[in-house]
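So that you can tell them apart, the chains are marked A, B, C and D in the order they are listed, and the count of residues begins at 1 in each.
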Amino acid sequence: MAGFDKRVTSYEEAMEGIDSGMTVIAGGFGLCGIPENLIAEIKRRGVKDLTVYSNNCGVDGFGLGLLLEDKQISRFYASYVGENALFERQMLDEEIEVILTPQGTLAEKMRAGGAGIPAFYTATGYGTPIGEGKEVREFNGRHYILEESVVGDFAIVKGWKADRYGNVVYRDTAQNFNPMAATAGRITVVEVEEIVEPGELKPDQIHTPGIYVDRLIQGTFEKRIEKRTVHQG
Amino acid sequence: MAGFDKRVTSYEEAMEGIDSGMTVIAGGFGLCGIPENLIAEIKRRGVKDLTVYSNNCGVDGFGLGLLLEDKQISRFYASYVGENALFERQMLDEEIEVILTPQGTLAEKMRAGGAGIPAFYTATGYGTPIGEGKEVREFNGRHYILEESVVGDFAIVKGWKADRYGNVVYRDTAQNFNPMAATAGRITVVEVEEIVEPGELKPDQIHTPGIYVDRLIQGTFEKRIEKRTVHQG
Amino acid sequence: MALTREQMAMRVARELEDGFYVNLGIGIPTLVANYIPDGIDVMLQSENGLLGMGRFPTEEELDPDMINAGKQTVTARPGAAIFSSAESFAMIRGGHVDLTVLGAFEVDQNGNIASWMVPGKLIKGMGGAMDLVAGAENIICIMTHASKHGESKLLERCNLPLTGAGCINRVLTDLAYLEIKDGAFHLKERAPGVSVEEIKTLTAGKLVVPDQVPEMTFEA
Amino acid sequence: MALTREQMAMRVARELEDGFYVNLGIGIPTLVANYIPDGIDVMLQSENGLLGMGRFPTEEELDPDMINAGKQTVTARPGAAIFSSAESFAMIRGGHVDLTVLGAFEVDQNGNIASWMVPGKLIKGMGGAMDLVAGAENIICIMTHASKHGESKLLERCNLPLTGAGCINRVLTDLAYLEIKDGAFHLKERAPGVSVEEIKTLTAGKLVVPDQVPEMTFEA
C-alpha cells in the first residue's frame, strides 16, 4: 500500500520532470520559509526560461536569487524586488520580465488557482498602473478589478513537519505563502525539516492536507536571516 | 487595557444589537459545531424577518430549526434542507424564501465576504438552475458563473477553545463553516467550550485570529448527534 | 439478475486505484468503502472537512464533533486531516479529488446529471454535489437503470433540473456498466444474466453496443 | 522646527485607540510602536502573517522563522496569532485592520497616494501597500512635507504612479498634521515653531486653513 507515501529519496527525484519554459510557484517570504534545497536542485538542473511566482526573489546568492546567476528565470511575478542587486540589473536590462503584483493579490492568485476559482475581484490596485488593462466593475458603489488565478507546473514548498502522506505543518512566520503555493502546483513538492509518523500531527491542526502534496523530502536548511534585529537593552 | 478582551458575561450581551430584518451568518454543519446558545438567544429575543446564511437549518426543535417555530427567518441561503419537516412546510407555503446554494459556493461566499472579495467565478452550477441569471464567462475554455460574496450584520460561531483576545480553535469536524462565518460578520460573536489564557493556544495553530472576533462567551452545549452510527462488530 | 446494492458497490470498488483520494456520496456510494480491494489504499474525503475518513465509531468512540457529510458519526484514520468547509471545497473545486462516486435521478448521453431536485415534489438541496461534479475529472454515477415503473433514467436529455452539465463519464446501474462519450452511452459490461436487449429497452438515450459485452462476475 | 522622526512617530501614536489592530509600514511608521500611550493596548499586524507582533528578540530568542514584513527578526506577544499570507491579506483587504500607518512619496488633495515606484529610478515593488490602502478605512501617511529641494509632496495631483486612489484621509508630515476631505488638505496642527505661512508655501495642493492652528506639543 504505497499509494499515499509521498516520500522521495533524493532532491533529484523531488524535482524530476521540471523543464525549461515551465511555471514554478514558490513559497517563502524574503529568506523565511523558502525551499532552499529545491531551489538549489533547480539551479543544478540548469533549466531555463522559467516563469516564477513568489513574493520576493531572495537575495544575491541565496534563495531564488541563485536562479538569476545563470539567467534561469525569464518572467517573475513578485510583490517586492528591493533586496536584490542582480535582479534589479536584469530587470533594467530587460533580461527578465517582472510583473509586480500586490502581495495580497499574489497570495490570492495562488489560493484561487488551487481552489478552482479562475478569477476574482479585488479593490487592490484599482486606479493604479496595476489596474490598467484589467476589467473594472462596481459592487456596492466601489470599484474593483478582475484578477486571474494561477496554477503552476510545479509548486515548491518549505514545511516544518510532515507525515509521509504529505500532511504538512509550518512553523511560525515561515508559513507565509507556502500553504497557498502547495495548493497551486500540478506537481507540488514539499521539503521539510522532519518527517513524522502518520497520526503524530493532530488532524485538525494540519496546515496543508496531503491531498495537495505529490512529493515529500526531508532536508537540512541553512535558514539564513535577512535582517538580524535584536532587542536593545 | 481592556481593548482586546472580547469576553461578555451573558448571552443577552452577546447578541446585543441584533434586530429584525438583519442578516445572520451561522457556522455549523447539520447539528455539528452549531452555536446552540446564540441561536437560543435569538429565539428568546423574538427578532423577525431574518436573512440567514447557513449550510442547513438544523432539525425540528434544535439548532436553527428553533427559529422556524416563531417564523423568525424570512430568507434562508442553504445547501441542504432535507432534515427538517417544518422548514419544508414553510418553504412550500412560501412563508420562507429559500435560496439553495451549492455547499462550496456558500462556503466561498462567506470566505470572500470576510476577505474583501466582492465576487468570484466558479464552475459550480454552470448549466444548472443555479447559474440562471448569473454572468457566465469563459476562462481557458471552460465556463464559469459569477457569484457574489456575503457579509452579515452578525456572524454566530461555535468554537472549542479561545483566549480572551478572541483567538479560536475548533475541534475536529465541528470546524466546518465556522471559520468562514467568523470572518464575515460586521459583528462576530463566538461561543466556546473553554476560555483559556492568552499564550496557551500556539500562535501558528489558531484557526480564527482574534481580529475577526467582537464578542466571546463560554457556554455549555448539548451537542446533539443527528445520525448516531456505530461500528458493527 | 439486476445487481444488488452491495454488488453495485463491489463493481464500482474495482475502479479504485491505489493512492486515490475519493469522495463517496450518500447512499450506495458510501457502501463502496466496504469493498476496497486488497493491496490498494484509498483515502476518503468527506466534504464537511475530513480527508481520511475511517470506520464508524464504537460506542466508546462516539463523538458529536466527528461526523461525515451524511451527518453520521465517524472516525478518522491515522494520518487524516480535518479542515474548514472552504478548504474542503477548495480541494473539490480545484480538482484535487481523484474520483467522485455519487447517486443520480437521471443521467444523459451528454454527461449531464440531475440529482438534487424533483420540482413540486422533492427539494432537499444539492449539498456539495454541484461542486463535486464541477470539480472532478473522474466521476462515476451509481443509480438504478430505470424507475420502478420501467422508465429509463439514462436519457437523451435530462428532464429534471441539472446538477452539472457535461461532467459524467461513467455510470454503473443495476443492469450495466457504461461509459459516456461522444454523445452516447457505451455499454461496457452487463449484470450477470441481464441481456443486451433488456439494457437496450431500458436505455432511452443513444446506446452504443460493441460486439462483445462481457458479463460482470462476483465471487460468492 | 520640523519634527524629528521620533516626534513624527510620537504624534501619530496619539491617534491610536485602545483595542486597535494596527499595521505599521516600514520606516518611520515602525517607530510608532515605541510611543504607544500608557493605558491603551494595540495589536500590531505584520502582513507576512503575524497578528500581535512583539519586540525584537534577544540574541537567545533569535529565530529565522520569526520575522516581520520588513524581514526583521521579531517576537510574538502572548495571545498572538500566526497565519498564511492569504489569511493575512483577507484581514487587510476585508477591512479588519483598524488603522494603517505608512510612508509615501506623494499624497494629493483627493487622497491619492504614490509610494512604490519612481519610473526609471526606483522599482522596489508595492509589497503589501496596495492591499493595505485598498482595504483600510483609516490610513495615516507619514512623510516629509517637501523634498530636500523644497518641492512639495502634498500635491494637487500625484505625479508618480499611484499606490491607491482616494484612500488617504490623514497625513502627518514633519511640518503639520492634516486631514484630507472634500478635495483639499485641511490643516489641523503645525509643528512647534513652524508658521502657517511656511506650511502654505510648501503645500502645492489645495490647503484649507482654519482661524486657529494649534501647535503640537511634545514633552521633553
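Keep in mind that, in the parts below, a residue touches a chain if its C-beta (ideal position, glycine included) is under 8 Å from a C-beta of that chain, and two chains touch if they have at least 3 such contacts.
Everything numeric here is computed off the predicted structure, so don't read it as measured data.
Participant: Once the contact rule is applied, which chains count as partners of both subunit A and subunit B?
Facilitator: C, D
Participant: Identify the chains adjacent to both subunit C and subunit D in the sense defined at the top.
Facilitator: Touching subunit C as well as subunit D, we find A, B.
Participant: Looking at CA centres, what chain is most distant from subunit C?
Facilitator: Farthest chain from subunit C, going by C-alpha centroids: D.
Participant: Go ahead and note the Å separation of the Cα centroids belonging to subunit A and subunit C.
Facilitator: Their C-alpha centroids are separated by 36 Å.
Participant: Measuring centre to centre with CA averages, how many angstrom lie between subunit B and subunit C?
Facilitator: 29
Participant: Where does subunit C touch two or more other chains at once, residue-wise?
Facilitator: Only 50, 76, 82-83, 89, 92-93, 134-135 qualify.
Participant: Going through subunit B residue by residue, note those that touch at least 2 other chains and give them in order.
Facilitator: 108, 111, 115-117, 122-123, 171-172, 175, 203-204, in rising order.
Participant: Among line, ring, star, complete and other, which best matches the way these chains touch?
Facilitator: other
Participant: For this structure, enumerate the chain pairs that meet the touch criterion.
Facilitator: Chains touch in the following pairs: A-B, A-C, A-D, B-C, B-D.
Participant: Can you name the residues of subunit B that touch subunit D in the complex?
Facilitator: Touch list, subunit B to subunit D: 1-4, 111, 113-117, 163-165, 167, 183, 198-199, 203-204, 206, 209-212.
Participant: Contact residues on subunit B for subunit A in the complex?
Facilitator: Listed in rising order, the residues of subunit B that touch subunit A are 108, 112, 115-123, 137, 139-140, 142, 144, 148, 169-172, 175, 203-205.
Participant: Over in the complex, which subunit D residues touch subunit B? Could you list them?
Facilitator: 17-21, 39-43, 45, 50-52, 76, 78-83, 87, 89-97, 134-135
Participant: Which residues of subunit B touch subunit C once you look at their complex with the stated criterion?
Facilitator: Contacts found on subunit B: 29-33, 55, 78-83, 88, 91, 98, 100, 102-108, 110-111, 122-130, 160, 171-180, 207, 223-232.
Participant: So in the complex, the part of subunit D that touches subunit A is made up of which residues?
Facilitator: Per the touch definition, subunit D meets subunit A at residues 46-50, 55-59, 61-68, 70-74, 76, 82-86, 88-89, 92-93, 112, 117, 123-131, 134-135, 161-166.
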